[in-house]
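A, B, C and D are the chain letters, set down in written order, and residue numbers restart from 1 in every chain.
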Amino acid sequence: MSSLEVEPSGAWLSREDLDAARERLPILYVDAVPVRVDDKGSVTAVGLLLRASDGEVRRELVSGRVLYHERVRDALLRHIEKDLGPMALPQVPPSPQPFTVAEYFPIPGVTPFHDPRQHAVSLAFVVPVAGDAHPQQDALDLTWLTPREALAPSVLDEMDGGHGVLLRQALAHLGHPV
Amino acid sequence: MSSLEVEPSGAWLSREDLDAARERLPILYVDAVPVRVDDKGSVTAVGLLLRASDGEVRRELVSGRVLYHERVRDALLRHIEKDLGPMALPQVPPSPQPFTVAEYFPIPGVTPFHDPRQHAVSLAFVVPVAGDAHPQQDALDLTWLTPREALAPSVLDEMDGGHGVLLRQALAHLGHPV
Amino acid sequence: MSSLEVEPSGAWLSREDLDAARERLPILYVDAVPVRVDDKGSVTAVGLLLRASDGEVRRELVSGRVLYHERVRDALLRHIEKDLGPMALPQVPPSPQPFTVAEYFPIPGVTPFHDPRQHAVSLAFVVPVAGDAHPQQDALDLTWLTPREALAPSVLDEMDGGHGVLLRQALAHLGHPV
Amino acid sequence: MSSLEVEPSGAWLSREDLDAARERLPILYVDAVPVRVDDKGSVTAVGLLLRASDGEVRRELVSGRVLYHERVRDALLRHIEKDLGPMALPQVPPSPQPFTVAEYFPIPGVTPFHDPRQHAVSLAFVVPVAGDAHPQQDALDLTWLTPREALAPSVLDEMDGGHGVLLRQALAHLGHPV
């Protein structure tokens, strides 16, 4: 049951092909809620990415597509590394059971989750991060909020597509009052 | 959050298009383990389909693709109705959290799950069935086995692609000795 | 693995003995969130009990102790029947995995859950109710609220001991925005 | 929601008092399945304790009582440290949701779990261990088995009270074939 050791070359899709698939198939995603934990495993902070998009600054969770021939846990690691950097030391949960499944529809209102580009179905996991996390690529910043801070209505307002809902569902799953 | 009320017309894919997508994207599936429960919710029997395939008779769980614009719970209902008939009265679980996620790879041995046609990622649910279930379409029969009978090595041998493993994982999740 | 068929006579504790145990041991509880579901398994309503206590009217979930020699699922059924009546037809989940564990401490603030009488640890389940539910015993009423209504801040304010938090955690687990 | 910072002095029970409670109340336990994980979170080994008892050598999981005023995660840490030593660096899961609940009855055959001393209800967790684990107290040894080795029938035979069943349920939850 070791993970596939070959290059996921079949994963490559031209932009046109991906766009075509996005109009006809649900696309498999993973969402990760990065957290800091204390030595008892209690969550002390939640990591949110800050991104500029269309002139607005938005907060986001780690999120991305699962590629062809890619294990779900490899996709989680790849997207966390892409967003938080190679020194984040994420502890991907040992069980494949996600805490929830978020269904992003291209039409708003079908579910709490919305993605104008596609119908995406995302396996959502809470991932403790033990190392140094630094925003990568197009993220402006990574901020760590306490669970209480993360539940502020202003944080919910700063998150699009239902990421604020997913964050609160994660905190509820972690035993926090929501 | 009501389910989408329109025809999932975008879901239609030509056989060629689906074959092309299957070579380049993980395909989202659902697996259902149909069970009979007593009035305390304890599982008394597990339903397995009997199908003829390539001259062999095999046992199978309910399994199928999630269509474009289709909710996961609608896909579960559609596949259960397709296989067990319209009078099965399935009780789809109220939570979107699957008991496990099965990753079917086209190459055997990457995970316990294997599908030579595609890379499929399947959300697996235990679904109590309260009504009359009758095999539909190409299924020869539907047999109800007690959990103990379902754990017999011969049953595992009669199931392909890892369905026997998924059945045992479901029974473990239900609290049974495996 | 059939449930115990004998009278749980050992379960009897004098009031004094129970009080003594409550000062020295965590007491095992179950909490049930009664829900109505549609034919797709989506939750359409949540059932809350209305009780008068110390001159105040409060909303509550179904909650109670697990007795000596009693299975967890039998305790769930017994408390649901005690509060919702014998015609409620509860569908106790087939898996023993609770959606969360609520730790009620006699000192407020240790967790979101508080019980001045005892340290209780409660296994929490969402239980679909298919029949006629009528408040029993000391409950004044049973009201069914839509998930949206159940999330109103006023409902949270009307619930003591963390039951409002547990209700919201249940709704989050069910995929609702909280 | 910080953990209780006081001495759990109320936790003290005389041997007589504990014996009396054990005859009249279900006792709350935690079970931990210690695992080694690779950098992707995949389980590479399961840790089993070797104990001599009544002239027989038996394999065991980490298991113990939750004390009065003790958080479940503190009980997990305490029992892991007691059995694996202070350098084990256990990663207690951030969520309070156990992967299963094991009901140990004093009468064999009610469930797969049996404890002749008491009716114990145990919250079961998989706990990755990152540091050096050394058997403590009355354990003769701690052995790490691969998931495949842990599933050997001989290992099941060497475990009492249903620990072998719980181990297999844990491996099923982790996605392994059982």
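One rule holds in what follows: a contact is a pair of C-beta atoms (placed from the backbone, for glycine too) under 8 Å apart; a residue touches a chain by one contact, two chains touch by 3 or more.
Just so it is clear, the model here is predicted, and its values are computed rather than measured.
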Between A-C and A-B, more C-beta pairs in contact link A-B
Is the contact between subunit B and subunit C built from the same residue numbers on each copy (over half shared) or from different ones (under half shared)?
same
Separation of subunit A from subunit C, taking each centre as the mean of its C-alpha atoms, in whole Å:
33
How many angstrom between the C-alpha centroids of subunit B and subunit A?
27
Among the residues of subunit B, pick out those that touch two or more other chains and give their numbers.
1-3, 71, 95-97, 99-100, 111-112, 173, 175-177
Along subunit A, where are the residues that touch subunit D in the complex?
1-3, 35, 37, 40-43, 71, 73-74, 77, 91-97, 99, 126, 128, 173-177
Residue set of subunit C touching subunit D in the complex reads 1-4, 10-13, 17, 21, 23-28, 66-72, 95-103, 105, 107, 109-112, 119, 121, 123
Touch list for subunit B against partner subunit D, complex:
100, 111-112, 162, 165, 168-169, 172-173, 175-178
